[in-house]
Amino acid sequence: MSTIVPDQRGRYGQFGGKFVPETVMYALEELEGSLNEAMSSKEFIEHYHEELKKYSGRPTPITHAENLSKRLGGAQIYLKREDLNHTGAHKLNNAIGQALLAVRMCKQKIVAETGAGQHGVAAATVAARYGLECKVFMGEEDIRRQELNVFRMKLLGAEVVPVSSGSKTLKDATNEAIRYWVSNVEDTFYLIGSVVGPHPYPKMVRDFQRVIGDESRVQLEKTPDKIIACVGGGSNAMGMFYPYLEEQVDLIGVEASGKGIHTGKHAATLSEGRLGVIHGSITYLLQNETGQIQEPYSISAGLDYPGIGPEHAYLSETGRVTYKGITDQEALDALKILSEEEGIIPAIESAHALAEAIKQAPELTASQEILVCLSGRGDKDVHTIMEHLGGDVDE
Amino acid sequence: MNKRFKEHVENKNDLFIPFITAGDPEPETTIELALMLQEEGANAIELGIPYSDPLADGPVIQRASERALKNGMSLEKAMDLVPKMREKGLEIPVIIFTYYNLLLQLGEDRFFALVRKNDVDGLLVPDLPFEESGEWKESCLKNETALISLVAPTTSEERLKKIADEATGFLYCVSSLGVTGTRSHFQSSVFTFVERVKKQSKVPVAVGFGVSRPEHVKELKDYCDGVIVGSAIIRQVESQVEALQNPETQKEAIDQIRAYVRDLVAPFEKTTIHS
Amino acid sequence: MSTIVPDQRGRYGQFGGKFVPETVMYALEELEGSLNEAMSSKEFIEHYHEELKKYSGRPTPITHAENLSKRLGGAQIYLKREDLNHTGAHKLNNAIGQALLAVRMCKQKIVAETGAGQHGVAAATVAARYGLECKVFMGEEDIRRQELNVFRMKLLGAEVVPVSSGSKTLKDATNEAIRYWVSNVEDTFYLIGSVVGPHPYPKMVRDFQRVIGDESRVQLEKTPDKIIACVGGGSNAMGMFYPYLEEQVDLIGVEASGKGIHTGKHAATLSEGRLGVIHGSITYLLQNETGQIQEPYSISAGLDYPGIGPEHAYLSETGRVTYKGITDQEALDALKILSEEEGIIPAIESAHALAEAIKQAPELTASQEILVCLSGRGDKDVHTIMEHLGGDVDE
Amino acid sequence: MNKRFKEHVENKNDLFIPFITAGDPEPETTIELALMLQEEGANAIELGIPYSDPLADGPVIQRASERALKNGMSLEKAMDLVPKMREKGLEIPVIIFTYYNLLLQLGEDRFFALVRKNDVDGLLVPDLPFEESGEWKESCLKNETALISLVAPTTSEERLKKIADEATGFLYCVSSLGVTGTRSHFQSSVFTFVERVKKQSKVPVAVGFGVSRPEHVKELKDYCDGVIVGSAIIRQVESQVEALQNPETQKEAIDQIRAYVRDLVAPFEKTTIHS
């Protein structure tokens, strides 16, 4: 990892960049300038860390999953507990950072996209906390599926704007958020929820999420043998991996292979996608032959994004990170195992990472260690799990 | 420089550059619309390629995209429409308006092969900013294809200069921040902005985004070299979408749209083919 | 506070004691012995604190509610963030302690009662984590109302036993749990969820919850002027107050006055109850003239308990702690205000404490401080809030 | 010592002590049942006071409590039933079985005033353990009222001694851990336990909890001085609950229960009043 990424143009190798309408270029330049200024301001960094600590409850602990490790009979599994963040997932780390930046840039409004509603809740939360107006774009289909998160956002004072274009889900909500931003760049900050979008977003989100990996390095006595994280857009994984890129450790990202790659119902962007442009960035994405973006599928609303952060595309290409696929069923099984063995109900997203750990642990010895990023809690998914596991949960 | 641009756009003013979505609601209509627009004085046609994620477009053009996609339109098929338009008498330049991903998937070589084969005159990629456009600009030059650039009120003086310096065909001024769509009035800042662009530009300067009423055209007329009209025309198409697909009512529907267009560009006092 | 409470008989003044069938006396004696032994074992205490830290994510932070304080124009309001505990409330502090004790006592099973399901989830969680079988008794009526928590418990591997006796709610679930315990004292540990029940439960739960107050004392630079906590059974309040009993600080417990004391629909045990025996302890309780226990009412399932921990009864009698009542509506208003001002959706229980702080803050100066125990997060309540606030949440 | 206890319980064996819930399903029935039970050889009656939260009781007695509460039964009303039973010929001691909260609410003074007025013979408070019972024991002594204590298999030797030393009336052995209810067999440990109690006790030792079949009575007969029968009888009441409330069928219903009781205590070979 000798090259510094991203480069001046916001490229990670051939990935990334700024593929946006001219109307947004100014806002991106402004953002980049303010971001660089803020990130080198001791006061800003301190404020950000203070809020992480006193508001979101960081550092999140690392829990040794002793029962699970014993059951698998291989490596020791450790869980980085991002589920213990305020609002229940790693998403808040980034939302706090961006919202503080928005305030520093004297923006009065934030706009965000959301799929399952986790990032929307995080955005609404920081908007309330830092006195910003907040609009969250959300597909009509997702609004229907995620009623409770919609209400949480409203309770937090945010306006949830239904998106009826396209497939009425995350990618369309993102388009709509960008459209809104384009029309309101002057007073509005676009708070993106993952390491996606045009430069400098992927870098900014990574830098606000790297606290996950930074803390882990301090908390663990030694570098683990493997680190595993799920990848939707890729922010929890980048946050976890980034501080470990130069270390001797296997890094494994896990995509959702949904009902199985062969069924076409999946969100396995890296294994099934082709190079293209989505939401302002060149990366891999799921698309048909002529380049129309395809709707991905996963049981977990946080993983069904048709693209992937450009830095992941780069890390996949360079081979530094290995990417695997986990199906709905494998994730559900892992979720059930962790619940019963350790009393932790993970988000279905996080259960994908866990499922991969469960596969790999038996191949290691008891003195080896796997660190799993438990990106969020499963409370938000209980309805979905109920539908899928049905009555047979206690058998 | 492409000969059609030379003839119909270069050094001209009162330019009328309409946008239509290829294949909305089906390919035949697109051809007829292009011809009608030429008859009503269009100086060039922006032929929009439908895309699943048209993030620079407002709801009207999004819906047009969806209609066209449903009928199987693609970048390749859209370009194949151009010779058919020529056959029927289209003389003005045709500019392919497409999101970058579609270009990437088709590939540069295949795209320019089609440009040559189908006699396409220009290219506009709303999400390919100046910084990333170098390679495509070269190929465009090589293929005598205008690569239309956009500038916005937020574009810095420095950037504007760079963009204007390399502009070909015409310069597309985004009248306001925002996506395409129609608005009821222009802010005064638009005129200052357009004047700023005019000062830098060596090619004609056209204003787009929101032009939908004769008053708009009248207001803008003295500040720039022309207008681009997108959503306003597509909205007319949308309102006739059934009629356009019925052979018996198609002509009448097109004439309805024609009436709207004629009214819109009346302030230009064009000598149109029909008159 | 010169007398040491509880005394040998488990009495806090006239309150407390062990009013249980003879069949349980042995188990209480055994528990008391093991508890005393464990609490003086350095290893046990360390293990308990290690689990609080690495599993539950303690210490929980104290958040300065700056916007709220400004809006009220009086005291600075600080929030002790028990909502950031694993599973979302202070309940886990106690559940971890008791479960570790159960393991130490070589019990294989735990039994617990639950109303809203928060303690049930905490019990199921620790059962999974420490390898115990778990039965949770829950009223049929509550099972219907708290479907998601029921599923969480099942997912965690616990058996949820429906209780159809009496009013089919918390007090009946508690009776049933005690009955089960009576029949299975040999291998079963009864994990009570609040500072109620026969001695040594109120003391034990308090001692496992005092971490709330102990941490607060370390975290705050000075002793606040007032400390406010809600009181169902009273565990979060005792945990918060206990380490401050000898300090110069107003301590205020908040009961649920439901639809208003005059309507009879409330859970204001201290203000409306009479001395009596409930679940093995002498304390105040809501009862009719002849001594039949009455079903309390509150919008918050965690506060509608007809009794109150005996130590609270004592602290009320001695005047050390003042107890106030907050209505459903006041609590809902407070919940909404905190959500919008600070991006924190509190549990409706906790919102009762907050509502009292909102009443009292304007009477203090900006240099004075009120510490509120934010006992839990509101996610579990979103359905209830939805029903009550309905469509007008964003007005 | 209370004279009725002296006459019907003291120094006796083969004691049959049935439990009925006052007011289940209504007060009249309770009186009739008490009389019938005396006729079938009962040595004392435990008169259960219905309570909202009977945590030492199993589902059968809980339901009886609910039925009685619905009809407005209370501790005070239940005690007022006793003279009515006496009027109709009840001679055996009546023991008030009540949870402690009901006593607390009535108050010690009022309770004992009622004890005296209504000629009540004993008191059993399942949730008032030995350690807390001092004051009540004193008042009971003063009022010649037996305060029945319970001992369980888990009761330590030391505690057992203390309890037995102060026992009045009889000692109630809980046959197994658990709440009241009926079970199909006794564990052998029960017999060892009862022998242990017998050794300490100066008053008769009766076994309760789960006695519901003649075989139970037969099994226990040689180890203790008698049995307490609760849920088994209440279950009979429950099965006749409609019939008991209809004046036309009441007698028949009582006789059905009588038949069950007669069968149950047959191993005692009692000389009953009816025979």
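Letters are used for the chains, namely A, B, C and D, taken in the order the chains are written, and counting of residues starts over at 1 for each.
Operating definition for what follows: contacts are C-beta pairs under 8 Å (C-beta built on N, C-alpha and C of every residue); 3 or more make two chains touch, one makes a residue touch a chain.
This structure is a prediction, so every number in the text was calculated from the model and none was measured.
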{"item": "Chains contacting each of chain B and chain C, listed by label", "value": "A"}
{"item": "Where chain A and chain C are represented by their mean Cα positions, the distance between them in whole Å", "value": "35"}
{"item": "Averaged-CA centre spacing for the pair chain D and chain B, given as whole angstrom", "value": "97"}
{"item": "Multi-partner residues of chain A (each touching 2 or more other chains)", "value": "none"}
{"item": "Per-residue overlap in chain B, given as positions that touch at least 2 other chains", "value": "none"}
{"item": "Touch-based graph of the chains, sorted into line, ring, star, complete or other", "value": "line"}
{"item": "Chains that touch, pairwise", "value": "A-B, A-C, C-D"}
{"item": "Interfacial residue positions of chain A with respect to chain C in the complex", "value": "53-55, 57, 60-64, 67, 81, 83-86, 88, 124-129, 131, 148, 151-152, 154-157, 159, 335-336, 339-345, 379, 382-383, 385-386, 389, 393-394"}
{"item": "Parts of chain A lying in touch with chain B, wherever the complex brings them together", "value": "9, 17-23, 25-27, 29, 165-166, 171-172, 175, 178-179, 182-186, 274-280, 282, 285, 287, 289-294"}
{"item": "Complex interface listing, chain D residues touching chain C", "value": "51-56, 58-59, 62, 66, 69, 74-76, 99-102, 104-106, 126-132, 149-152, 154-156, 159, 174, 176-179"}
